[in-house]
Amino acid sequence: MSDTPKDFDGRRWHDMGGQPAGPVKPAEHDFALWEKRVDALQVLMSSKGYFTVDGLRRALEDMGEDAYEKYSYYERWIAAVNQNLIEAGLYTLEELGAKMGEVKTRGGTYGDASA
Amino acid sequence: METPVHKAPFHKVRVKTMMPPGHIRTPAYLRGKVGVIERPLGEFGNPELLAYGHQGPKKPLYRVRFTMAEVWGPGAETPTDTLDAEIFEHWLEPVE
Amino acid sequence: MPHDHHDHDHFHHDGMSPSGHPYRADNDTPLTYWQTMEIAVREILIEKGITTPEEIARQIDEMDARSPANGAAVVARAWVDPAFKTRLLDDASAASAEMGFDIGGLRLIAVENTDEVHNMIVCTLCSCYPRNLLGLPPDWYKTRAYRSRAVKEPRKVLEEFGVTIPDQVKIRVHDSTADMRYIVLPARPAGTGSMGEAELARLVTRDSMIGTGLPKTP
């Protein structure tokens, strides 16, 4: 991260082995329903052949370091799943945008909106 | 299909130093490092193609064992500790 | 540090969910952009007949059924049955399937801790984990700190987990870089000679199968 553009050797941000980092904090949480659904969508759509685990990882890597620091694991995963499904041509951004707009009108919480 | 570098375990290999961009499963910290093949793992889809929606031929994959001294040099935490990683054949070159 | 990593005071606590994590609040926080996207993607896929609500629910149930208890049962079997242990070290996927665990396409390698070697698992490039046997990985496994440091200073990282490995024991770190996943077969604790398989399995912690912990002692 402290690399200047001149020092850049091609190592990408996700390739973390051996980089300096702080202590390992034993953090964990149980997964929320929406996170489990993201996980399930990833497994189902890749097992149906719409993308590969490498396609998912590629999208996660291409989101960049800022996204890794800013968003949670399954937030990045749904973005990567969506990216791959769009690339697979399963639906269009227009369809997605319209559906997301409709979902938002249902209520202010995940419970209300995911009826 | 390329012929495998080594079918038998415990042959010396060096990880290629090239640094192309993109989805690659060879960690940067192992580039240029010399290890021994712990075991061949069989042939697997090439992540560098699969990531972009292509198939291509499968590639031989090996588990390669490195010493911490080789990977981290004089600053290694415990030089004789070891590290195993799975490396595709097209990232390995034989060391005589 | 990603913001979803809720710190907890202790590590191996009771009151864990079936997937081996503390419970957390679920559906009653304000709807986020990403949650909206999840709902929308799921509903579009259902409307187009690509998946069904039942298929998604079944997949979630399957993942919930996978937990460290599965791995613990495999480890305990290996502790009491030398022939099974041989098969496990030869082909951990087949040995796990033999015990009835549905591990899908998981290609599992078991690595054995002995008096000479302590094994430890990491994925420096992302967060590869034997999820089809042990369930989803703990948050710390996916952090920058663990992914960066486990390959360079494993002994220091182990100290942070409260595990001290004697100098004469070699550490062998496994970076899950490609198609294999790893499970540590921890050494059977002393003083467990009279214990049966089920009792032994309760000594096997998740972290002892990642290599960042040791089994409990009786």
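Letters are used for the chains, namely A, B and C, taken in the order the chains are written, and counting of residues starts over at 1 for each.
Going forward, contacts are C-beta pairs under 8 Å (C-beta built on N, C-alpha and C of every residue); 3 or more make two chains touch, one makes a residue touch a chain.
Only a predicted model underlies this, so the values are computations on that prediction, with no experimental measurement involved.
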B-C or A-B - the one linked by more C-beta pairs in contact: B-C
Relative to subunit A, chain with the most remote C-alpha centre: B
Subunit A and subunit C, separation of their C-alpha mean positions in angstrom: 21
Geometric centre distance via CA averages, subunit B-subunit A, whole Å: 27
Centre-of-Cα separation between subunit C and subunit B, whole angstrom: 25
Residues of subunit C touching at least two other chains: 124-125, 151-152, 175
Residues of subunit A whose C-beta touches two or more other chains: 15, 17-18, 57
Overlap residues in subunit B, where contacts from two or more other chains coincide: 27, 29, 47, 71-72
Complex contact set, residues of subunit B against subunit A: 19-23, 27-30, 45, 47, 50-53, 71-72
Touching residues on subunit A, where the partner in the complex is subunit B: 9-12, 15, 17-18, 51-55, 57-58, 61, 87-88
Partner subunit C, residues of subunit A touching it in the complex: 14-34, 36-41, 43-45, 48, 50, 57, 60, 68-75, 78-79, 81-82, 85, 90-91, 95-96, 99-100, 102-104, 107-114
Subunit C partner contacts - residues on subunit B that touch it in the complex: 25-27, 29, 41, 44, 47, 61, 63, 71-72, 77-78, 80-88
Subunit C to subunit A touching residues, read off their complex: 1-8, 11, 16-17, 19, 21-32, 34-45, 48, 50-51, 55-56, 59-60, 63-64, 124-127, 136, 138-140, 142-149, 151-152, 157, 160-161, 175
